[in-house]
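Naming follows writing order (A, B and C), and every chain is counted from residue 1.
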Amino acid sequence: MLEINDIHVTYGRLRALKGVSLSVRQGEIVCLIGPNGAGKSTTLAAVAGGVVPHRGTIVLDGKPLAAGRPEQTARLGLSLVPEGRHVFGTLTVAENLRVATYMRRDRAAVAADYERVLNLFPRLKERIGSPGGRLSGGEQQMLVIARALLTRPRLLLVDEPSLGLAPKIVDQVYEILLAARKAEGLTLLINEQSSHRILKHADRVYVIRNGHIRLHDDAAKLADGEAIKRAYFGFGDEPAAADEPEEEAA
Amino acid sequence: MIGLLQNLVDAASLGSLYALAALGVGLLFGILRLVNFAHGDFISIGAYALIVPSFEVTAQLFIGTWSWWLMIPTITLIVVIVALISDALVFRPLRRASAPTLMIASFAVSYVIQTGILLVYGARPKAANLWAGLDTPLMVGDVRVPLLQVITIVATLVLMAALTLFLKRTRYGTMMRAAAEDFRMAQYLGVRGDFVIGLAFAISGVLATAVSLLYLSQTGTLSPTMGVPLALFAFVATVIGGMGSLLGAVVGGFVVGVVVIMLQAYLPADLRAFRDAFAFTFVILILLVRPSGIIRTRALVERV
Amino acid sequence: MTEPLVPHAARASLLRRYWPLLALCALISAIVAVGSLGSEQMQVTMTEMLIRLIVVVGIYLFIGNSGILSFGHIGFMCIGAYAAAWATVDPAWKQMMLTGLPDFLQQNQYGFLPAVAGGGLLAGLVALILGTAIMRLSGIAGSIATFAFLAIVNSVYSNWESVTAGTSSIIGVPNVVGPWVAWAFAIGALVLAFAFQVSRWGIMLRASRDDEVAAKSSAIGVVKVRLIAFVVSAVIAGVAGALYGHFLGILTADTFYLGMTFVTLAMLVVGGIGSLTGAVTGVLVVTLVVELLRHLEAGVPIAGSTVHLPQGSQEIGLGIVMALIMVFRPTGLTRSREVPWPFTRRARRRKMEVAPAR
């Protein structure tokens, strides 16, 4: 479904991605894990059109995506839930949700989707008239996921859904993601910093560090976590790979 | 007492013009982080479009002689088109540029438009008489209120109400508010960035036209740089109000109007020539006390 | 390519450190030397170019190092120009026309150099007062405040009849500035700007430009350093104004307003806002473009008839050049880098080029 081939991204002089390749098949849950600044968010932003790779291609359903055109990419059924939630704080919950439906042509289906998604998130229904900025962190995370679902994506990219949330809330977030996946037939690509929760749900795992993919395998084969730990922290790397001193990606 | 009331009416009318100009500037700043120097020149274009192109000192009205229901849409269309062209030619290629770069670009657009006006209409100021009948004063008690001032204030209130309704009640308005708050996120949700920005330019063109017509009918003079002080007062109003907030822009516009009129009224006669200098100095002083403006917000329109 | 033969590594590194300054000074000197053999018109054009170079270098010193856009420097130029003219104009004329001047200016006539120094000082003083007020503002609000300052200066100098002669202008300013005088001050401005940029202050300011939060948290007095840069750059602009007055021989406030602001900013953008080399390159290139357009405006004979560009083509042409540079080369013709050291092997040179922009 999604093929990322050897993409390179630089911010000024900082090389954030140095040739990342990754693929996601229809219906899968793929997880990209890596330490802070490894290039996880940049990878997802590049797919969604938010940053422009200076090399490499991104192919969705056999067709190359135009780089740097987020609004077009969204119309192709790819939705990004970026890190840090990005709720429109002064818009109400209802308005936040509605913004996501404006690009859709199927007005009739929109109304039905709106009801259905709200039923997935009863908490949002209660707070439908409050400004997004007044919601708690967990509620905001629900809101951005609900909002992304309303764009009717086939592929949903979620950037660190557990960031800054209490473990109990994180469990809820994952329950909802899995429920939505079942209900909507979603394919998921999720970024996380740590592997322990995601290994239960993911089909395949990529480990990224320093702008390179260091490891890629089926989740089942990585269940003991040893290989992931090695790739994550860079033990056993040949010296050449850990060469240039690097600034952290923002 | 009557003198004070009279001054307050003048301040409300002048403040309306500044508030309208500041709304145009504030809207673009909110969405694009663009400080649009060319906004003043959009205003000049609205005024010059009314007259016959020539180097004569007395301007002959052309579109300006049409009846208002035909003239206002025509002038609005002209200004909106100029605003959209300047977006398409200059600002669209600079979408990823930094705020200072955008500021320099808009300064360049402004200067080029001024030169263009100078090429077609000559450098000298011109006199023009638009809507001469509106000078008739209305007497409210002992206060003389020129009809034109009433129209200015009413037109401003109507435009502000319309803009608020548009932003709060329509899908395009909601898109604009979302984009003003988090442009990239709105794009991720499928909101077309160029469309929203084009819309903002068009609306700021409409607001500029209103200022052109009202300002010209009040002052009766045109000059290629007539928009510069208006734009400057509008910037100042948006800075005082807190950049990026439309309510702030309006409040700032009225504050500036009051300051200017009070200086005009109470400065000694030999200092009155320096009115604008005093007004700007006063503004810099306000900023010292409240560097981030009177109203601090990320919202384009405040929740009431 | 081989390494040059140098006796001591230390001397080589010192030379390398000051290389951009030396190269730029040599370039300017060469241009003046060649140009001074040219026609009268050539001398005039060159003098004006050198004075603009001083202004642009002055503006660069603030904008390039601090990253804050200023529209106000032409106001400092205006202040410097008038202050110097007050000192050098014939006292008889001053007593008649400039009745509001203080006695020490009205009754006396001073030499050119003290007048220039006075112009620079007054501009610096005003910058100190203004800067104390606005350097705390955020970038954009600060820029708007500088624009308001430009408008204030224009309004005051156009209307204050008793000290500026208002719209009837100050006439009879001694015409003492030619290419070589302007050259000497231009070299001075280059040295000052370069010295500032490699100084501790310059490095601190560049750090704050690139990341204000980081610069603040490492306890750098950003506002103070910004203020220093603002005042120094205003002094340079004031000196340039003084020279300009003594080049034109006549002063009107509108000389120092939007048009001059536009041209100098265009120069900075075209060359590259982030480097001294960029400032110099911009002045040279824009002067060439403007001269070319001016010739075309005056008319060129083509196939027996004279073809004119309309008046105003200069400004519009310059606007187009500027827009093209911004879109296709946002960091300017020089990519905001300094002149590279020419005697290094290729691989190492690449790293050298990167370094100064940090």
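Here, a residue touches a chain if its C-beta (ideal position, glycine included) is under 8 Å from a C-beta of that chain, and two chains touch if they have at least 3 such contacts.
Bear in mind that the values here come from a model prediction, so they are computed numbers and not experimental data.
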Query: Taking chains as nodes and touches as edges, what kind of graph is this: line, ring, star, complete or other?
result: line
Message: Measuring between Cα centroids, which chain is at the maximum distance from subunit B?
response: A
Field: Chain centre separation in whole Å, for subunit B relative to subunit A (CA means)
entry: 42
Query: Centre to centre, by mean C-alpha position, how many angstrom separate subunit A and subunit C?
result: 49
Length of the line joining the C-alpha centres of subunit B and subunit C, rounded to whole Å: 32
Contact footprint of subunit A on subunit B as seen in their complex: 171, 174-175, 177-178, 181-182, 184-193, 297-303
Residue ranges of subunit C in contact with subunit B within the complex: 67-69, 71, 130, 133-134, 136-141, 143-145, 147-149, 151-152, 155-156, 159-160, 258-259, 261-262, 265-266, 269, 310-312, 315-316, 319, 322-323, 326-327, 330
Task: Mind listing the subunit B positions that touch subunit C in their complex?
output: 33, 35, 89-90, 93-94, 97, 99-101, 103-105, 107-109, 111-112, 114-116, 118-119, 225, 228-229, 232, 235-236, 239, 243, 273-274, 276-277, 280-281, 283-285, 287-288, 291-292
Footprint of subunit B on subunit A - complex, ascending: 48-50, 70-71, 74-75, 79-80, 82, 86, 88-91, 95-96, 98-100, 102-104, 131, 147-148, 151
